[in-house]
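What follows is a set of notes on a single structure, which appears directly below.
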Amino acid sequence: MAKTIARAPIRVRYHECDQQGIVFNAHYLAYFDMGSLEFFREVFGSYENLRARGVDTVVAASELTYRAPSRYDDELVVEVGIEHLGRTSLILAFTIVRGDELVTTGTNRYVFVDTGNLAKTAPPDDVREKLAALL
Amino acid sequence: MAKTIARAPIRVRYHECDQQGIVFNAHYLAYFDMGSLEFFREVFGSYENLRARGVDTVVAASELTYRAPSRYDDELVVEVGIEHLGRTSLILAFTIVRGDELVTTGTNRYVFVDTGNLAKTAPPDDVREKLAALL
Amino acid sequence: MAKTIARAPIRVRYHECDQQGIVFNAHYLAYFDMGSLEFFREVFGSYENLRARGVDTVVAASELTYRAPSRYDDELVVEVGIEHLGRTSLILAFTIVRGDELVTTGTNRYVFVDTGNLAKTAPPDDVREKLAALL
Amino acid sequence: MAKTIARAPIRVRYHECDQQGIVFNAHYLAYFDMGSLEFFREVFGSYENLRARGVDTVVAASELTYRAPSRYDDELVVEVGIEHLGRTSLILAFTIVRGDELVTTGTNRYVFVDTGNLAKTAPPDDVREKLAALL
């Protein structure tokens, strides 16, 4: 399991639960996104700092495994680590827990793109080194 | 690619787009869900008909590959087919298209559970046969 | 009741329903917004055309009266008319119907702002005239 | 202004912001709902305790005034008080603040209904007294 670099606390909202009283699965992908923003804040100070280096990220693929349902008012934490750092891509691993219990796990694969022309690109060395140092 | 059994038309709503003007990726998982409901309606008449046979489904895992962004007012179609029918599970394949263009593809793996005790179960023969006939 | 200028069809999505099986009330405000975009498209060709005239709109207040619940798969229509055209503001009236039945009614009050400095402003004469012609 | 009975803290999520970078107005109605749940928890221990007394609530109308925009990561608080207690209805007042600054204010009017037949009803005396004590 990837080392945890950042954590995003989430309290489940009533209207995120479906007619069975459990969190609608699409929200977990939103929770992953909230985790990713904490990750980029932790590593670069803010997502804007990353963009200021001329690179942006685009989500290319996601995987989710739903391990236990969660319900209204549950206090969840999204733990985020690096699963893989490629030349032009980054895979973040997300582990959503409620206390000691796994709720949902999964990954997002991000592709680095040039903020100017939006073409796939390798990030500058300093960006890459900050990420590599966390592996 | 799985044979298309059901289609769900979707018009992208303005507030589904993020600050970059493109659909926030978590919504694609909601679109998959909308496709799955059309699938169960097509095969069983309604999702309630499936439940009336004593089985419900729980989503166990999802995979998504984002191939092209979509934007406000885009007319998308979620095409749904069967990727795999197991003894106690079903994998649906989703292909979201805008005209001829692929937008997002992926799968949901469903586990059949008993509506009474919510334990994993094989569906009754008639349910299984309706699904198997579509393979 | 304000004359209907624009209509936005909406099919209720399963995940918009709460644990009581009816549409969560916050979604009606999103439906109003979808109606307003159809209104601006009808009157100005597109919302961008309005902005190209140097004015944008900001929602300042909303009122909603919930008259009947709506449920998954309901086919609703948001009918939009002008309730009031002020010098620097516009009140749109929304009537959400399911066939002949009223579901939700209400208004949004918009303030016109300068696209440059975002200060409250009177819209240019041609913009005002297009709106006034509909009263 | 109604005396504050309950408070719900809310941290604005990135995907709640629209293409202008500010919270999409429909979310404020969801925030009101989150405040109302804290209110009922504060007064009755839980919403289920209220229902156990044979009464449920239905939202009949809402009013919102948007006073200042809010953005990603803003820490908001929904303050909730009683605006009016009628024989079969209750109006809650919501004040969403960011520190000392007003963001959105408004009300929800609730009608008490019998949990059995869903008909409008006056709540039992003990329910009414708990609410009246807060006026």
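Going in written order, the chains are labelled A, B, C and D, and every chain counts its residues from 1.
As a working rule, a residue touches a chain if its C-beta (ideal position, glycine included) is under 8 Å from a C-beta of that chain, and two chains touch if they have at least 3 such contacts.
In this text the structure is predicted, and so the values were computed from the model without any measurement.
Where touching is counted per the definition, the chains common to subunit B and subunit D are A, C.
Comparing chain pairs C-D and A-C by the number of C-beta pairs in contact, the larger count belongs to C-D.
Subunit B and subunit C have CA centres that are 32 Å apart.
Per-chain Cα centroids separate subunit C from subunit D by 24 Å.
Separating the centre of subunit A from that of subunit C, both taken as means of CA atoms, is a distance of 35 Å.
Of all residues in subunit D, those that touch two or more other chains are 14-15, 24, 26, 30, 33. Taken in their complex, subunit B has these residues touching subunit D: 14-15, 17-19, 21, 24, 26.
Those residues of subunit B that touch subunit A in the complex are listed here as 24-30, 33, 58-66.
Looking at the complex, you find that subunit A touches subunit D at residues 13-15, 30, 33-34, 37.
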